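Structure provided below as structure tokens; questions to follow.
Lettered A, B, C, D, E, F, G and H in written order, each chain numbered from 1.
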């Protein structure tokens, strides 16, 4: 139920093709719909342009299916993140059209083609960081953005990064995904003039403390245009990159 | 030495009004200039559109004055951050035109009027967070952005925030500055459709652990479009907000 | 063995219907009873009005059954918390009447109807926080309190919370259960005039550090009437809410 | 501007003794009043029964005086906490009647006698914890509660605590203030049947880590009715104790 | 190879019942014996009165069996700690006489009766702390100490502890084992005049952070005669208690 | 008021040289005496053999003087720890005989010669650790123990430690004081057969984190007879060493 | 593709035995080769003398096999670290000659005899530290260094270490591997005149916090020539030891 | 008293120019000399080639002067680190020839020219890191090494670093000094083939947590030849760099 949907409904009321009672019924759940265990924020797509996203961790199968069934009545291209294969099977029971991105662990419910605009680059330091990078990239693509992937360009071989300088320079926004010491965010931040969103990953061991090292590293970046999201939060980075990329028209 | 400066120089070479030797001399320091204790990154303004910023903490007076004298030969509106009053006196000895923003602890060297474009809002949770908020706001203004300040709208009285909803809705990007539990970033993030940059502050005591509580809070925001900079890093937020705001033309 | 039980016994002694030796035998274990691996605090229900609660984690099946058998000789409505399904099976072997609340992971031994008084609201930020919220709600109900559940009203869609304002205003005490950044405790604390007990949950990932982010957030709440219990400690919150709610007569 | 004030105003409008324009003027600032650097939440006393409290740390003298002048136009018994002697001098310039509690570091602006009801005990483990205990006690007294102080009854000499058992048993709510290992909260929590609010203090050294040891200790209390506020947050404990104590009528 | 063994050998040399070459062969491995993956410290029992203890965690079956075979050639009552059931089976293959204490997870290799002297009390706060308490108690018993166990006397019901005051007063040294907030160490430390060794356990959840809360609590004990060993280190506490207890003759 | 004092009083009552009223007056304050801001634990010296110790930090001059005056009425050799020079001046105003140990920052009130028994060694790793070592040594001496000081034998030059092996072997108990990495506790623990009390100090910088490194190091000691007190807690180590040393008669 | 390979290629071009096109084809991938999920840094062996090392954790089987196939086209003695048995099976499918070191969890792809030079000692504190020590030792051997292993010489029996003093004195560089309190690094650092590389391990429990205790201990070493690598990073230590050892010619 | 000194003494004994008693007197203090508060490790220069270094922090003036007087009787070029200006004045009172390096806060006692060999580069990320870099550089120079300083080449302007590539390539060992996110260590580590010693500095604020961010970053370096010393430990890095550099002959 986004703004287009809302306008359309009101025009039908105006023209008389929908009567008042039916419209009231429809609008009753506009702000949110209460399932008991979840209140679906239908207003979100009006407010932010994106329908509610389902974060699957910590929810049981019944709850996820219930939420999927309700949201899919009014929305398209609904993202379900942190979605394991087993959970996806349950989602497909509720929506047969749902598609799955396994590296990214994302399901898209009621998928619909979207025009992809602008230019987001998603950069990863290492091969092991790719699942988080894919979460960012798929999120951004589903939300209607052009995404360029540049993987395994960590600072231990800086020439690999310098080699893709031109692609970095053309981006509206760069998502930089790195574990271990997370130095890549600073180096990219020093090279480009676009905003950089750092995503520390939990890749590493010992004193990486589950991604803390990369997180602190990115927060203390000596390069100026870098902000940071939670450890392994590819979704959040892809989402914000989309908000930024779409400002450019 | 930004791109305009560079083009101008090359045109003068083309037209013959500057001879090759003089141009070479000028271009020799293009990438950076080595003062021994500092290498001034002259190329930065070409690369990123903003000249090098002087972070005053940990540098002594002689070093700061030396850097100011060199950068000011080629740039305008140079920011000096974390600049105490005493340090500003020293800067003014090196550049008599420098101006000082005392709440923000920022000096601007060789100030020059800039056109201010777009719409950044800077929101603070409490009165005590204002110095950090001002660092963000002044940074963004000096870099050529329109800034709307909305201060003391912390979540303990949520109606104060709801009251300024319209101003929030109009922003291209929101900087949210909050100490203690930092909840304001999530609440603003849930209201708006623009990107939100959270700035945790060190305001608080006890289990705030110098801003750690607000930092973790913002990193774990349940609202989707929020990224975060270092504790008290108003400059970094203002800088990135400027990069984002300028994408909208 | 609560105060009613004790009075009754002494009245029987007074009237002669119980002789001294029998009463002594009964009272011998009044302060506590030593099973070797556990000392059952029979005096607790006299002191605090609530019989000893069995925290199941870290105890083996034999120990739990032994404790259940002894406590159930003198008490009703005994709570066993952190009780998995397998442990409940063992409890039911010791008390066939025991009932199980699976979302809350609570067993109630020798269940007995209680009058439910007052008004406690239990609020959860997200669907994933429900198990902890249920631990609080079931605890409070078993202890004889009216409980109103309000689930999935996290701050990312603040209108969902504002929508239930009236229910919040009517509470004697509010339990607020939230993971991730735990901002809901502050927002509720700013809205209501009753005491708020915050329960941070371990829901989240990365820089949530097992609930630390929500815990610090709630401890630093900018709203004034908020106190906090341990991460995931729904029982503790429900218990204290009961103590507070029962002060209102 | 509490509910009494509001009713009074409307009755005057009803009776004609105040005209509409004057009432509108008065009500215009009802939700809050914007001083630029602060938005005074006038609605708070309607919502919560207590006017906004001024937390002095991080505010400069001009800001504090401005806030004092505005709040004192509509409220009495306004608390200013974390108020050093120098700050109090400035407050007295703005309100000559203000009184100062130096151990508690609290100023009360426009003081007015209040009836003190109920029964709160404030217990401290050591002599060094008294300043925080006093912050709790004075807060509760100014808010209209009877307060009984029991100081220096730490667990290293448990008979000192057992000696005051009767006073503990009579309380509606107990505030327990302790630094170092903070064990007193658990011991008191095990003795009483009323809610206990633990206040860890920063008293200690080394592995107390600024109060962290006492904080974690209280959060992990093995006694059931204990909740916790921030390190050194005597105000917060006194405030919540007041909310709880006033439920008993 | 303790001092008795050594004297005996030298007496045999003196008397001629053992020749020089045989004695040299025997003494060659006196300081230690090198197995490649382990250097068995045979000198330890001379130096400290206790033969080397086998910490099983992190060693594989072959290594443990090899060490058992060598140590058991020269020593009795060898402790193997952190020894799971499966590991014990392997130990029994190397020494058929080995006995197993399953709660304590300790195996004793080449067991031999020892005289038990003095008086050590091992106190546990809760039933869940018993495995660690047993590790301390069994260690002390195998090393030749009288041990009195007092379990489940946590501070939530302080009368249970006061009830065993006399047993505490008679001890030469007290080992106090507690998880959660670990307050029992301070309370016992305030009651007795003997040295107290605190053993924090990892029992707890959330902000117990794997025993950190209890550890910090005990380190900050306000009672004076308390020292602390590592989290869950029942062995270390039992060992030191033995050293202390044996000073009393 | 220790056991000798108590016996003496009762004998005087028995013999009639003190009448009942005077004895009652005297015994009234036996458990403790309430000064309002402090409850002096007079019973402690009966219970533990040592009168209450005054920890000066966080107490103001008036409180300290008040406590000194009361305790000194009934006790001798009262320790005041963490006592700066200025505080000592105030103590001397209350007791002209008080003596000061400036390296140890300890005052002894109403000093009296004591017989020194047994053998405690206090070992320090570096010269900078001496103040903490002295706090331990002076505490133990005032409590009536022979103390041998061995300073600056850190593991960076292990032969310095091996050189004093014999003195270590003769001790009943060893206090090992070390900052930085605190390795000395393990090395001493591996050499001796007596109990070792480790005192981590805050000497160090950077990743010493105020003594945390030394604390963790000592808690994880691979040598078996080591227990640990709080960072910089020389007093606690000296006190426990005294308890242990006095067990040997 | 190391320097030898490069020279050889150019000599063939010079002599005409390889034509320009073939050489260009070969050199095209000199800096790196892009597999999509990985960019193989072929230039590394020219730059650093060692070909890219495959860190197996976080990569899937297909990715590892792909990388193995490409790297093995141009390099020998390629290290694959953190390589479990199952992963090794997959590697052997891609290179039948690959050999496996199971204690070290290292595979060597396209193994080739190398001359071993110099003298590195790898010292371990305990038997449980051997896997990490072996990772260091095998790494150094594959890179062409003589390695002397000295295992289980922890400081709890210091004579075991002193016994191998001569072997330590002869080393060019010492790698010291220790968990728990990690004191061995300081003790070795105080004995030798060669550089010491400390490797803290995660061996331990409780307050070892996954190796943090040993890490902090080594970083704070009071001995001067010690530097440190990440927890359990045997590879990193072996690698740097090789760089240092090879400086000696 | 280094090896040269020792040989010389023994030759004089051999030739009869020094008699036995005098030699004994001299050699008596060979292992160390006990000043009470310090044991000077005279043997260190024999063992490691460098005389004992005086770490000034935490020592008082008298102690420092005493140590200076003794060490300077037998050694030259003695380093005193963490030496403030006031402390240096005291040192000059004990040795009039002492020289002071104020940026590095190092005094050199009984300075003597040394031949400088090899090639160490000391690289700093920012101007604020220079004091730590100088501590490393001066230490290495006093110990007889050639040092090349390369300052302010942080990764925010990577071309500044690439510009000095050749100087980096020529080094035997590189010391990399960086605060904030410490990314420079990884980038340099990826470029060079010599060992890299990372020195994290405490430069930064907020989530730098006193250098923790840079420390963790360097420990998790994705480049292979990097080891790390304590935060701000320029001395330790310079010392180890010297050990490594001198291996190259």
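Observations
We adopt the following convention: a contact is a pair of C-beta atoms (placed from the backbone, for glycine too) under 8 Å apart; a residue touches a chain by one contact, two chains touch by 3 or more.
Computed from a predicted model, the values in this text were never measured in an experiment.
Listed here as common contacts of chain B and chain C: A, D.
Compared on C-beta pairs in contact, A-H and G-H come out with A-H as the pair having more.
Of all the chains, the one whose CA centre sits at the greatest distance from that of chain B is E. Distance between chain centres (mean CA atoms), chain A to chain D: 43 Å. Centre-to-centre separation between chain D and chain H, using Cα means, comes to 54 Å. Centre-to-centre, using mean CA coordinates, chain D is 50 Å away from chain E. With centres taken as mean Cα positions, chain E sits 38 Å from chain C.
Chain contacts: chain D has residues 126, 156-157, 191, 206-208, 212, 215, 219-220, 224, 230 touching two or more partner chains. By the definition given earlier, chain contacts exist for A-B, A-C, A-G, A-H, B-C, B-D, B-H, C-D, C-E, D-E, D-F, E-F, E-G, F-G, F-H, G-H. Here chain G touches chain F in the complex through residues 125-126, 154-158, 180-183, 186-187, 189-191, 204, 206-209, 212-214, 216-224, going by the rule given at the top. For chain D in complex with chain F, the touching residues are 126-130, 151-153, 156-157, 159-160, 163, 179, 203, 205-208. Only residues 47-50, 53, 172-173, 191-195, 197, 215, 219-220, 224-230, 235-237, 239-240, 243-244, 247-249 of chain H touch chain G when the two sit together in their complex. Within the complex formed with chain B, the chain D residues making contact are 31-32, 36-39, 41, 43-44, 55, 57-59, 63, 67, 200, 202, 210-212, 215, 230-233.
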